[in-house]
Each structure stands twice: as C-alpha cells, then as structure tokens.
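Chains here go by letter, A, B, C and D, matching the order in which they are written, and residues are numbered from 1 within each.
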C-alpha cells in the first residue's frame, strides 16, 4: 500500500526530513519508535538543537544592555529570531512579536493585560466548546476577577463549531472572541478567516489560539487580520519554554504591561516608572535567550522545507490514517470534521484509552491518551478520554501501518 | 602575585572547573576571553548543555499526561530536577518548588497571587533602596492596582541597608517585605536571616530575591525561614528561561493560581474548574522541560563542587579584586559594604562607563556597564551608571589582572 | 530512565485474565445502602476517577464496600479486587493490605507493616514493570486510606 | 555575528582626538533663550539620554541649537558635532545631514538623500566598526529628526 503511493517531489522531500530528528532514531521497548504524539509536543531537528548548543557554548550573555562582544552576539541572535518569527507569520513589524514561554502564557497575557482592565459585569468573552484548557481557564479567571460572563459557542457531533450559533452569540457586549485555529483534541481546522471577518463586522477583536496551526500550515496573520495570535515553540519543532504572542501594534501599545521587571522599563524611580517601547514592554526580565534562538532555527527549518509542502504531505498522511483507522472493527473516531488536520482521536471497543496507550507503547508506538486538556470536548462526546494519534512532517505511511498493527494487537489482548 | 598565593585544596579544585565551561575557551577581539559579567548571566558548564542536548535528542515528549515511554522519561527527568532543586535549597517538600521562567516571573507571581487579592488602601509593601527592578516594578504595579503603598527602606553610602530604618518601617500595615539576598549592583550581602526574624516578629511575610544568592553561597530556605525565595537558572550556570519560586506550602496552598491553562487544573467544565494540587497549580501549560532539566544539572554540578568551596574561592577572588581596583588612581568604587559578594561597581575618572565597556571589550574583557536594572541605586549615588565586574566560580586571579591592565589602557586612551 | 525492553507477550503479565475479568465485571460496583466512610480518588495525570464507599460498624469492621467511577482496566480491576478483599476486615487489617499492595507495586516486597497474604492481589504485581501505571493500581487503595482516616485526618491521595 | 578582530590601537579610530575633545568640551551645551523645536533622545539599551533644543525661524532656518543630557563620549561628541553643524542650516539641509550621518554609520556611504560634505562629522566613521555603539552616535540625530518633525508627526527615535 505504502509502496504504491504516488508522491510528488515536494512530498518526497518532506518525507526525507525524518532523519533530521535524532529522537526518532531509537528503539523503544524493542521496536523502532513510531512517534504519533506531536500535537502534545513535537521532536526537534538537529538544526534546532545545534543552534542552541552553539549559542550556549560560544555566544551566551545577557541581552540588550551589554556593550561587550558576547552580549552583542546574544542580542543579535535573539533579535534576529524575532525578525525570523515576524516573517514566519507575516506580521507587519517586530514590535508585534512578543516572546513568551508558550501559548498558555500568551493567552494569559491577553486575558490580564488586554481584557482585565476593560471588563466588567455585563461584558462577555466568547469562546467555543472545542478549546484547549489554555483557551478556557484564563478567560474563566478573568471573568471571575471582573464579573464578566464567559459565552461558549457549541460544536456538532463531527466536532465542528456550529457557525450560526457562534455568530448569533456575537453582539456589542462581546469584548473578545478567543478561538482555536486547529483543535488539538479533534483535529478540526476552524474557518478562522471567515470567523474573524464576522467578528470584526461587529467590532469584536479576535484572539486565535494557533498552537496547532503554525506547525502544520502557512499562517499569515496579516491576511487573517486576527488581533492576537498565540503559539508555542515546542509544537513547531522548537524548544519548550518558548512561544509567541503576535498582537496588532495599536492594541499592544494601549495595553498595560503584564509583568514588571528589568528590560520592560525605560526608567524606574520610586516616584514612578516609564515603560519601554514594544515589544520590550511585555518582556520583563531575562528572556529565554537560547530557547528563542532555537525557536528561530525551527522557523527557518520549516521555511526551508516549505509550509505548503508540509501541509500537502500531512494531508496525504492524514487521509491515509483516517482510511486505515476506519477499517478497524469496533473503532469509534471522534472528530470527523470535513476540514481536518493530522490529528485523530478514537476509542477502540471497550478498551480504556489508557490501556491502549500502554499496549501501543509496548510496541514502540507513542500516542497520547486522556482528555488532551480539552475536558469539555470529552464531556460533549460522553467519553472520559480518547486515544489520539497526531502527525507531523516527519511521520510516514509506515508509522500509520504500525499504529494499525498495534491496535489490532490490543484487540487480541482484550479479546 | 597570582603565583605566590596559597590556595587550599578546595579552592584549587574550584579553580580547575574553568575548563568545564566551553564558552570561556575562546578569543574575543584577539584576546583570550575574560568573562566578568556573571551577575548579568553566567556561562554554562558542559554538564548542563549536554544534559539538555541529550534530553532533546532522545527523551523529549510532553510531561505529566503521557503513558508512552518518552513521556514517562521526560516526566521523570523533569520531576527529578524538582527534587534536585528542593534539596539544593533545602525546602521541606517538592510541593514548595514552583518552576517559573526566572526570578522576574517568580516575583510577579507572588505580587499577583499572594498580594493582589489581599491588598487595599492603607496596606503597605516594603522594599529597600538597593533592589533590582524585578523587585521594584512588580510591587509598583500591584500597589497601583490595589491602592496600597510602597515603602522603601534607605541605604547608606557604602551600599548597605540601614537596618534601624528598615525595622522602623515594619508595622502591622506591612503585608510583605521583599528584599534582595545580594545586591546585583553593589554586591552587598544583606543579613536576611536577621531581617526575616525581625519581620516575622511583626507577622510580616518575607520574599527574598535570591537571584544573586544561589549562584554564590549555600542557601537553606528552611534555616532562613523565608516565606518565598525567588531565583533564576541562568545566573546559577543553568539555562535562560528557567527559575524557581520557593514558597511555604501553607502560603502557596492558599493562593489563587497565577495563570490558567493545562496541567494546573484537575477538572475543567464551563460550570467551574477545580485547580490541581501544588506545585502544579502554578505551572500552567507545557513547562520549559529541557530548561528545567538543564537547571537540575546545574544544581547537581554546583553540589558536586560544593557551595562552601565556591564561596571560599570567590571570597579570595573578591578580596583580590577590591584590592587591585582600589590601587587604580582616579577609581571610584561604588558599593563598599562590609559583607560583600564578588560584584564590584566602579567609575574611572570621567570616563563614561559605556566607553569603558567598549575599551575593555576590545581587550577581551567582558564587563557590564549601565544602570544594572537598579536605577534607584544609581540615583542614590548620583551616577548615570557604573561599570561592573562580577565574579563566578570559574574566574581566577589572572582575570582580575587582565581587568586592571585593561582599565589602565582605558586611562591612556582618555588621558 | 529507560523503561526496560519488554516483549509484547509480557503484556499478558500486566493484563492477566484475572485483571481483565475484574475490569470487565467489576465486583461491588455502585453505591451502598449505608455509607459510613467514603473518599474520592483522582489521578490528575491520567484522569482516572473513582469514589469508594465503606460501611464500617462500631467495632471498626468493614461490613460492606463498593465503588463507582471510571478508569482504565488496571484501576477498575484494582478497585474491584480491593472491595472483594476488604469486606469483613477490620480497618486495621484493611490498612495492612494497603501497605502490602503499595509496597508490592513499589517493588518493595517486604511491605512496611503487618504481613498479609496478598492472595488474588498478586495479580497486580505485573503493574510494577509499568511505572506510568502504578498510580492507576494504587488509586483505589489511596482512596481506602483516605476513607478510613476521614474522621481524624484530612483526606489525601498522596 | 562575530565582531571582527580589532587591535587595541584601533580604539584610536573610535576615540579620535576630535571625538574626545567634543566629549570633554561639548559645544552648545545648555538651554536656548528661545526654543521652537525640541526632542528627547533616549537609548533604552544603554541609558544615554539627551534633550535637543532648536530655534527655527519662519524661513525654516535653524538659528540656534543646543543640547543637555548625559551619555558616553560618543553620544555627547555626536550631539556636540550636530549642534556645530546644523546652526545656520535650513531644516531641509539639516535633514540631509541626518541622512548622511546615519548612512555613514550604517556603512552605506552613498547616503540616501541630498549629497552633503560631512566635514568634521567624518570623525564619527570609526563607530561603524562597533555595532553596539552605533546607536550612541545616532541618538542626537534621531532627536534632531524628531524635533524638526514635531509639528507634523509624532516624535520617534527609531
């Protein structure tokens, strides 16, 4: 089946990238590793690991305030990564690229700095039923802090947002719409460009949780016209502890700082403090310099391969995965949206996902099991959790065959 | 001079560690690098860099929720680092070790979660005049948010806190004392154990900004009896983007979460969310896994050498530095406390620190110049900034000789 | 720490027939007519969640035990085996089983309390080789401990 | 990016006598009797801070210029040279010097506007080899641009 497949040149090139990822070249429990957990965290190519090691071994110093050579090199590399990330998502200016520790911090920053000062009773924050906890709990917290109300747009049984219902919730009391680009639990790719246009027609700013977007498709924040776009380094083949908050300059400019400390100020005195310009106002303290350099290397790595090639390769794989999984008796696929990324949640007979996870791990196949930080989705589908296989550019058809074999084995054990 | 010095065995052993730091083995501007900027950010030993590379190349996956082997390895390594850090500062329990992105975030967490819900007009937060901006601005922000008042204990012209004045400011309106263990601009080691006892006698909880403490001396939070202790990985030879907030369990338990997201919850539903137990309640989202593993390796590295050996070696170096610098004509030492760490701020004639920095860099000597994120200190001494040489375990007497030579050269140029 | 290389057939050691039987047909599943002690067990890392009910009489004898909840085969089987085991025991003897089971799963066969004969509970031994799953197997037992202690100390599943 | 290997004597190229002279004895240091345009320049990365004052007449001629503030030798000398240069120029000609100086420091000798003779300002050329110091040398010039633009556009030192 694998052999017969016709790949175009771009797809073949992407498939060849697997060897760039040292972690994939190992045996686990006596079997060559099949890593199908990239939606939780992706592996890093040598280009990323080496960029950080090189930095740490030769160029490290604190950034921004040093006149000495290492500090200058560190600052250049750090700010160079900012320009790389700006280009990667096509932001208008590096002033719109705030480095954070991840999607979670990016969203909390918006909740606390953009929303908290402007929310009160009667105001609404709008999210959807398919969000990751990172795009739920910060809004619950800020609503509790301010007396605002959290509105939740429903999903249907394919795992798609019910657009009419979402649009019906939009009115002039809604202060922000926060919505995933791609659902991590269901794989649904939301039509965010249309949704953003609809929200803007009602003057509602939009935050996009792009954690599962950037690793898999070309993201152009200028074209989307989103107000904020949040994502994590570790899901796009960069290091943990890094992330980005993109925000439109005018909005970021008007927001108070999120944290206080060094680098985010121009002047500190006990009679008052003047904050620094963008993006530094939001980067208090010594940043994750090596991490950001690794993140820049990850973005360059992806740009070299080409996001369109990656998308096209993953689309092939994803279709194959759906087809193979659908062929398994007693499987229940959860998340069957028309427009889907390479993420598939499922249940197999009455085998608890946790047991499935162990049995697959035993065969060298790494999947995630549980609620995937999306408990409301689990509750909607009436399941305590699911097993989830998620793809990235380095997966291939064999990986999917191995997954299916391993699932068949699980059925035997639980027969 | 260097040759004649009598070192004890422990000091000789510390001096030998220099070769563990790859970044120190390079030429800068044609001269072998002399790195005297560790107070801004320290270099990392191979043990730290390798631990992270190994993790990223073989063991990476998301932590805490995976049943597969890599996730298990990652969780073990991450939680193992927590236990290492617990031991490193002698906390009672790993529940008291919250991983953050650095000192700045640790302090902001306390300002927002411990103070903000409990502060109002009439309440006071007490700091001192020698604090780093990271231990000033978060308190300014929370005072502004709540109507509380920020009190500042004075320093004297040696750069020491005036203890009587500090104690006179302590009363039952003070909700927190936040104070540096060691001043990064002046090198002053504050008598925090006494200060903490005095504050506790008035029921005032104490946060210690330990950014410049942990890298240079044995810190025992149980012995100090501090309520919170904040520090950064990158100042203790670990990676950027990591840090710790130690907090007494009873206090952390009573605090609301700082950020919302994955991992910090037990259950999320739209009708309400249950937060996770300590320390996870304060670790929303995917943490800096590789960074924390590097931080753990840094703590183990320091433990292997022995903090007392390090302290004793740095004490020798520091005395030598003060002596040699004092011998330079026209030098003005800023920060001359009786009890001092290996940090020396100074001005040379009318040469602006920034120019000094460039001239020294030209000779391969890396120092920091400017306000060192301690503008109130600069203002107190009536200077726009200083040049600052700061020592770490890997420095030696030659480094100090090179510093002094380079300063003599600067005087020539500006003669 | 690298999980030791296991062959697929070793899975049979984890999923023994007795475990699968108890997982599929849990004994004492449901509520009790009279509950004197109860506790919830949550494994935040994997989402297993169960509630244990006990009917303890004035002589400190567990007259009845039952549980509800959802979880993987290991946690459900362990809870089912627990109820089977503790009914009729004094609370002290039940705690001796707690010690024995948790010691067995920690790979410490000595136990740290009164010696008991594990009997059927030996079927849980295979879990030892699966560190990620040990918490599943001990969940119900921690709930037992919390339930028995609930009059004196605050409940805890740690 | 590795700063190229420079020998100590190259420092003389950065700290030329003219620079040191202007740094020690800045010309036009202080306030003006009449200020029509002014702007502050702050280099957040190193703390240099200065205020530039201009007296521009109705014909757009800079009659007087002065500055205050503190900074390193490079930024003070640059500000001093700036005031020396722009007094008597039209604001358009002054902006041509802005273009020429910033181009010179960016290592782009062509300039991007009207050609001007840099004269003494060539003494700033040595800064080019010290990327961390270029902002010091351009600080006053950005303040000049902000000051001249202040009636029309918001001030900016970027």
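Everything below uses one rule, namely that a contact is a pair of C-beta atoms (placed from the backbone, for glycine too) under 8 Å apart; a residue touches a chain by one contact, two chains touch by 3 or more.
Fair warning: this is a prediction, and the values are worked out from it, not measured in the lab.
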A-D, A-C or B-C checked against B-D; over half of contact pairs coincide for A-C
Distance from chain B to chain A - Cα centre to Cα centre, in angstrom: 31
How many angstrom between the C-alpha centroids of chain C and chain A? 37
Expressed in whole Å, how far the mean CA point of chain B lies from that of chain C is 45
Specify, in ascending order, the residues of chain C that touch 2 or more different other chains. 3, 46, 132-133
Spell out, as numbers or ranges, the residues of chain A touching 2 or more other chains. 28-29, 65-67, 69, 71, 354, 358, 369-370
If each chain is a dot and touching chains are joined, what shape do you get: line, ring, star, complete or other? other
Can you name every chain pair that touches? A-B, A-C, A-D, B-C, B-D
Could you list, by residue number, the parts of chain A that touch chain C in their complex? 27-30, 350-355, 358-359, 362-363, 369-371, 384-385, 409, 413-414
Quick one: in the complex, what on chain A touches chain B? 22-23, 26, 28-29, 33, 35, 37, 40-41, 43-44, 48-49, 52-53, 56-62, 65-71, 101-105, 107-108, 111, 132-134, 136-141, 150, 152, 232, 234, 239-242, 256-257, 259-265, 267-270, 273, 284-291, 354, 357-358, 360-361, 365-370, 373, 375-376, 379
With touch defined as at the start, can you tell me which chain A residues reach chain D in the complex? 64-67, 69, 71-73, 76, 266, 276-277, 280
Quick check on the complex: what are the chain C residues that touch chain B? 1-3, 42, 44-46, 131-133, 158
So in the complex, which bits of chain D are touching chain B? 3, 5-8, 10-12, 14-15, 20, 24, 46-49, 70-74, 76, 130, 132-133, 136
